[in-house]
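Letters are used for the chains, namely A, B, C, D and E, taken in the order the chains are written, and counting of residues starts over at 1 for each.
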Amino acid sequence: MPGFLLPLLILSPLAASVILFLFAKRISARGAGLLAAGSVGFSAVISMVLAFLLLSRTNADPFQITLWEWMRTADISAHMSFLLDPVSLVMILVVTVVGFLIHLYAARYMADDPGIARFFGCMTLFVAAMLVLVLASDLFCLFIGWEGVGLCSYLLIGFWYENPANTAAARKAFYITRIGDTAMLCGLLLLMTSAGGSLQISHILSAVTTGQLSSSVVSGAALFLLIGALAKSAQIPFQTWLPDAMAGPTPTSALIHAATMVTAGVYLIARLHMLFTAAPLVMTLMAVTGTLTLLMAACTALVQTDLKRILAWSTISQLGYMFLALGTGIWQAALFHLVTHAFFKALLFLTAGAIIARVHHEQNIFRMGGLFRAMPGVAAAFLAGASALAGLPLITAGFYSKEMILSSVWPASFALAPGLALSGHLLWGAALAGAFLTALYIFRCVFIIFPGQPQTAISGRTPRLMAIPLACLAFLSLAGGFVEMPDALVPVHLFTHMLAPAAAGSSAAISPDAVSHIAISGAEAPRWLLLAGGIAPVAGLAVAWVLWGRTRPVMREVPGQAAIVSLARAGSGTDRLYDVFFVQPFRFLAWLTRHDIIDGLITGAGRMTRRLSLFFLQVRAGSLGLASAGTITMTREGDLLLTRLQNGRVRWYAAWIVAGLCAALASALLA
Amino acid sequence: MSVLSLSDALLLAALLFATGLAGVLVRRDLLFMLMSLDIMLNAAALVFVAAGARWHDASGQVMFLMILALAASETAAGLAIILCLHARGRPSLDADTGNLLPGNLRSGNPLSGNPQPGNLQRG
Amino acid sequence: MQFLALLSAAITLIGAIMVITRRVAVHAVLWLVVTLLALAVVFALLGAPFAAALEVIIYAGAVMVLFVFVIMMLNLGRPDSDREKEWLRPRAWLGPALLATLLCGELLYTLPFRPDDTAAPDLLTARDVGLSLFGPYVLMVELASFLLLSGLVTSFHIGRHRLRER
Amino acid sequence: MIVHDLFLPSPLLALSAGTMVLLASIAWRRSAARSLSIGLITFLAALALTGRHVGSAPPGTVTLFIQDRWADYNGILIVLSSISILLMSWRDLARDPAHPADESALLLLTGTLGAVAMVFSANYIPFFLGLEILGISLLGLVASRRLRFPEGCEAAMKYLILSGLSSAILLFGAGLAYAVTGSLHFTLPVAAGSPGIQTAATIMILIGIFFKLSAVPFHLWLPDVMEGAPVPVAAFIAMVSKIAIFSSLVRFFGTGHLPFYMQSLMPAVIILTILGGNLQALQQTSFTRLLACSSIAHVGYLLIAVLSPGQLQSGVITIYLAAYTASTLGVFAIISAFGSPGHPDGTEIADWKGLFSTRPFLAVTLSLMLLSLAGIPPGIGFFAKFGIIATGVERQHDLLLAVLVTGSIIGLYYYLNIIRVMTGAATPLMVPPRTRQPELTVLVTVLTIIVIIGGLFPARLLRPLLPAPAMTPPYQDVMKASRSG
Amino acid sequence: MSPLPALVLLPFLGGIAAWLADRPRAATVLRNREAPWRISLMVLVIETLLLLAATLRPSIHNGPWTDHFSVPWIPAMGIAFRLDMDGLSLSLIWLTLILSLPAVLLATRQVKTNAGAFHFLFLSTITGIIGTFLATDLFLFFFFWELMLVPMFVLISAWGHEDRQRAAIKFFLFTQGSGLLMLLSILGLVIAHYRATNVLTFDYFILAATPLSPSLSLLLMSGFFIAFAVKLPVVPVHVWLPDAHTQAPTACSVLLAGVLLKTGGYGMIRFNVMLFPEAASRFAPVAMALGVAGILYGAWLSCAQNDIKRLIAYSSISHLGFVLLGIFTGSQTGMQGAIIQMLAHGLSTGALFLIAGSIQDRLHTRDMRQIGGLWAAMPRLSGAGLFFAVASLGMPGLGNFAGEFLVLFATWHVSPPMAVLAATGLVLAAIYSLRMVNGIFLAAPLASPKPVTDFPAGQMAVLGCVMAFLLVLGLYPQPFVTFSAPSPPAVTAATGEGVSPP
């Protein structure tokens, strides 16, 4: 069995990472880049070999390996075990291939940074963690990778830690995803306790299908996991961290915050789709959230001026599509879109990085302009990416993947309550509008950046090492879609076929009523759906041309400050909302209670004891009040209001003795 | 031949004891305190003598003798202390004034013999 | 005889009260002597003539002389008695007196007030006392001598005035 | 009636003989060194003679003195304490002209004599005489520094008046007991009829004992007197006087069940004593006053054991006495070693600042002693307090245990406070000059070893030494019946 | 010969040697001003070898109690010097040594004033701790329990930082005072046993079989619980901890956080859950609620601190809340989680205190706002700091998470809402840990007046070992779980009783 290759796949970047961290000072910039890219490249090679082996195998069994038993006790059994099936194959290919290209790019891009070893250390560690995540066959193991990528994301966002804004952004990303992670952990615990202490994915899924898990458990677990996935994938209401995460170096944004990590949520749900399909309400929630997110993010992207932020919002929006697909039940489409999105979004980020590097780290699109002449190659690559993102019909990969989603949503229906369902038409309409908006904002970007006169000085050339990945990715963004095409055009279904074993396993297992809304192919969908899906981006492009393509000088805002803008602001509005409702109160309360209240109480009690002892002193020194006239002085501890009379101690003591005698006699006589 | 019964004697002794006690508590002059103590001791002696008579036992009177010895040495020591205090220039034999041993209420130089009121606590 | 007993008891008490209420120390000492003499009568009536004699000789005699001696040494005068008057205001003695009364009441409550159980006790002469003193209690006499010795040393120790040159 | 016999406890004999020799020696020529040496030899002789008594009481008879292991044990503790105190005061007495050595040595001897007499007495007369010999001697000792420190005289005056008062009360109580029982036997008065007088007698004797033990609320004199006295005399008050009176308390009441009329009184006094002692100690800035307050609290702890008859009681009381004696003596010895002639004793806690760096030996030993007093290992006090709690648990004195725990926690605070002060930074001005004082070094070392060995191997000390319980349940029934009848 | 008494006494004797080596006369003979340091290092190494021998030594019988030593001590009261070792005590002793070695290596060499006394006290504390872990006579246990506090008190009070004396007294009062309650419980148990069987003994194994009424056993258990709760610490009685940890000298902070607190957890396992299983299960809801409160409260306060050591101290409270939670879930998994959490917390927090102490040694401040970014100047220290901070925030794959996960799992079985609340602590853990990371490691450097030196490679290697332990604990805890399983008293009562050392 080629299972042994799986740990090797992970080990390679992991070893590179360890070496990079340990010998950070002794490794040259060049060596660091070489080591990192080499290790990821090696993984890419292995994953290709694995792909070959997996696809050419005769039976339908996935490759599996159990490294060791993490723990086995009476009621718990968790393994460090990996599994390669078509779903994870897709993911490792994306991670290693795109990752390799990005590393290659970064080797040049970051060459001048003094912290390059740390950078590549984190990057390779990220790749390793991501591979753990996608390969894990035990949800516990998956969770290790899940948190690991979050950590790397944190480290890379805050890579330039000298600027407090960057570290703040990094922390924000980590905190928000941590909230999701905690929810996910709860989901895992719920599954684990209900499913007999094992988180083996196959075990969980079979428990779902055999009805071992009650529906409430399934719904609860699905909800918890969904929250985790939403946070990781920056969906409503967790979307605020991703735009800020652009504070990291651009290759990071490309790899982590566009191509791979943020899609981990999608991957998780695709992995566990049987669990989710058994929870229709959660599916509906997922779809609606995805739809809302894609609309909201697209609108927000429309009014952004920062190039990377536009891309970030577009990432959120595209992830929204994937969640819509997942919510609809067509996880294959979601995965397909994930792949194409990885290509074109990585391309867009890398080109954006190339652009930004050339214009002296200016990220405001309105300060760029006229770049086409200075860097036609980059512009071409960007254009390719933009078209793929917009989903221009026929020639781009984005079109096919988006089309697959749209055509499936139309016939679906989403359960809201027993006997009440939400029609797929509505969501389809929204998604179509989203497609229009996508084309609008990305071509707004294109039209502002490239034509016209340069606004800022442009220097240097894009190095070849950076250009090669761009070219590769551009090719993939355009051609990557041909593996899966709608029947209406050419019936090519390489992708879904590849995933077939996994899908077969699922559809066989799921009870009929749970899959009522699932439609894998668009066969039953009307033709005009395809047409509409093709027209919407083109329309977006046209409108963008009308608005920004011809007009000079540059318009700085979207025309008509009305509804659309306020809607568009929603994206950043949530941020402010959270700040006011969560962050500031938390900070204030924490500040308020920075001195331990309980400590104060107990120390206060201690002080009271001392006061009490003062009282005993007063008894000693005090007087019957009858002894003699004396100077009445307040004690320094005025609160006791005890007075000290200049009196005779001897008689006072004697009086106590006699009083004690009287009391003792009385008590004895009354006994 | 006695005309006093034990309980009569005890009655007298109790009254005498209380009187002496009141003297110790009320008087401030050391001399008077010593005299009051003597009265109390006598009350105790009376009890012993009366009880000895009651039981027809000489031990009571032996005890009386011991009390006498105690009274003598206590009075002697007490008067020596009075003289000592007097010699140190205490304005009077007031048992109350000039407390050099105010304990925690001490303030200022203990040798000055002039405590200032009001300082409850040092440090 | 009954009358004599009552009288001496009354004198004893009145004397004691006078002692604690006098302002001039010498008066108090004299009243104390009266008290002790009356007490000696009580002792005699209780059948303890030896005790009565000792009370008169040692207590009213020797011990009281000590007091007088010290009073003379102290040279107390008018200011002292005025001060005593100042100190003997009701608010000064009310509390202690109450306390003493309370104790007295408690004591009286405990005492048996029924007319006494036994017949009148016999006389215990000096001979009886002496026999037991130098019989079973001979060691006690020795101890008492140590008591007196320590009283002596203490008085001497405290009574010395100056640092003695060594 | 008292049976005539010739029984005389031999330590008493040694002490009185020593006193005579000393008197003769003083009469011949005054010499501090010789007086002290005679004192030391006398004490050693008394120690050596303990347990070898002259004559013996015929069995089944009532005697003036009693010989049992309890008396021997307390006698040994007292004489050992006196030896330590003599060593503590050696330097001051031998070298400082302000301290008249001869009288001090003499009074130390007579005081010890009185204490030992109390311990061995089985009769009111020797008990009372011992008590007064002790008291009058203390009077002289307390005032012995008066020429340099006028507090001495004042402290003596307070002690005189208050102890006179308590003696009178005790005597009156003893008289009532005699009146009711016709016997001077030193034990709870039990007779048919007149329960009121019995009660009054017991209570008055108890109050007298409580005064000397300084149980709250009869404790007020102790801090004043101890502070006014020289340090060794303060130790004498805290040790000798307390051991003697405590042994008498145990002998008087026995360790069995209390008479019914004291069953609420004793716990009340214990609670007041523990809390009052500890709380008062909390505020002290003077070391001797603090020790006075802590000794008050320790009396409270001990009384819990007295109240808890059972299998553990006897051994626990024994070991607690040993622990208290050794630890407190150690502290006093260290205080003495801290001072130097012509320099005031280190009686202000603030004077001890930085001792860990200036005189680590003293600091470490003092910490050990204080921890032992606080009941923390490895000192002997740990086991002692453990035993006290064990007896309390055995008898289920829940309230008392709660108070004990509270008191111990408060106690910890002030003991630790001293250690805390010692760990502070030293100010050079505060460090008194060091003098050679081999006797104190030896004393401190020996006491330290005792404290540690006793703490680690307390088994040997755990011997049942107490006299048989004087008050057994049937007696109570008699009492109750007689009272109701 | 059983190595157990040697294991207990060796550090103490070594401490005496270290102390003597510091005498002026000895110092001239040894010609080495660092003699105490060297001696204590040597002692710890020997102790480690001894422990290794004890670990590898074949078990004296088939039961889970691997070693046994007993001599009578105070026979009159049935007290014996009895030591027994099972997996739990063995692993905690290992933890003690693994932490005290780096502490001595890294942090005590700087002690210049009275170094001999310092090392003596330090090693005495270790003796107390090891004794606590081994004693199976209740009196002996209490003896060691009290004994370990004294040297620690002096260490804090004399060698600590600015507000050390108040902190030391607070530490001592709390731990000692609660110890008295435990003493009451011990005696109550002994007396109850005496009443039932007429045998006076303090033997853990015999007492475990005491028949108790439910209310009495609850009462006795709560006495033990309070003492352990103060030590652990549990929230309302935690107040000594932040002060003590903050003010203690570095090595003592390490020992306090790393090991001393574990005696509380150890006690809860051995003397609450195992000695009073039924009472513990009835008490469990309260204890678990306290655990959750501790998790949240500690984390919350940790978020607001600017003093690094204080921040770490409050985070300890949060982490140990998991221990409490786990112990009282009543399941084996929870117990194992608690043990793993104890080990992991000991390593991570101990190391964090080491790092905080090193920072304070170099920069003379613990205020995050005045430290600034250290990564540029001290990448090794900062890297290690980052690692341990990440461990403390509960990163899967590191030891802390393993413990927390098991505890949460066991808690979920009992009460899902409680588990959810406890899990919320993980979010707060992220907040305080990353706040620290971005406060002192990954932040813009402040203008530092003088250059600071990084950890040398040797010291880094020591920390590296700790990191490796944490990683192993996180990735492969199974052997630890098997190794450190606590043994119930009944086992020895059945098989090992009366076995005398060969």
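Keep this in mind: contacts are C-beta pairs under 8 Å (C-beta built on N, C-alpha and C of every residue); 3 or more make two chains touch, one makes a residue touch a chain.
Here is each chain with its UniProt name: A = NADH-quinone oxidoreductase subunit L; B = NADH-quinone oxidoreductase subunit K; C = NADH-quinone oxidoreductase subunit J; D = NADH-quinone oxidoreductase subunit N; E = NADH-quinone oxidoreductase subunit M.
If you're wondering where the values come from, they're calculated on a predicted model, not measured in any experiment.
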Chain pair bearing the highest count of C-beta contacts: B-C
Remotest chain, chain C as reference, centres from CA atoms: A
Chain at the geometric heart of the assembly (C-alpha centres): E
Separation of chain C from chain D, taking each centre as the mean of its C-alpha atoms, in whole Å: 31
Cα-centroid distance, chain A relative to chain E, in whole angstrom: 37
Distance from the mean Cα position of chain C to that of chain B, given in whole angstrom: 10
Rounded Å distance between chain B and chain D, as computed from the means of their C-alpha atoms: 23
Set of chain B residues in contact with two or more other chains: 6, 10, 17, 20-21, 24-26, 28, 33-34, 45-46, 50, 52, 54, 57, 59-60, 62, 66, 70, 73-74, 77, 81, 84, 95, 99, 101, 103-104, 121
Junction residues of chain D, two or more chains touched: 2, 125, 129, 132, 136, 139-140, 143, 146, 153, 156-158, 161, 165, 169, 196-197, 199-200, 224, 283
Sequence positions of chain C contacting 2 or more other chains: 87, 92-93, 96, 99-100, 103, 106-107, 109-112, 137, 140, 144, 147, 150-151, 154, 156, 158
Footprint of chain D on chain A - complex, ascending: 609-610, 612-617, 620, 649-650, 652-654, 656-661, 664-665, 667-669, 671
For the chain C and chain B complex, residues of the former touching the latter: 1-2, 4-5, 9, 12-13, 16-17, 19-20, 22, 25, 28-29, 32, 35-36, 39, 42-43, 45-48, 50-51, 54-55, 58-59, 62-63, 66-67, 69-71, 73-74, 80, 83-84, 87-88, 92-93, 96-97, 99-101, 103-104, 107-108, 111-118, 120-124, 128-129, 131-133, 137, 140, 144, 147-148, 150-152, 154-156, 158-159, 161
Of chain D, residues touching chain E in the complex: 311-312, 315, 356-357, 360, 367, 371, 376-378, 382-383, 386, 389-390, 393-394, 401, 405, 408-409, 412-413, 416-417, 419-420, 423-424, 457-459, 462
Residue ranges of chain B touching chain A (in the complex, touch as defined): 21, 24-26, 28, 33, 94-97, 99, 101-105, 117-121
Footprint of chain A on chain D - complex, ascending: 157-158, 161-162, 165-166, 169, 196, 199-200, 202-204, 206-207, 210-211, 217-218, 220-221, 224, 260-265, 268-269, 276, 278-283, 410
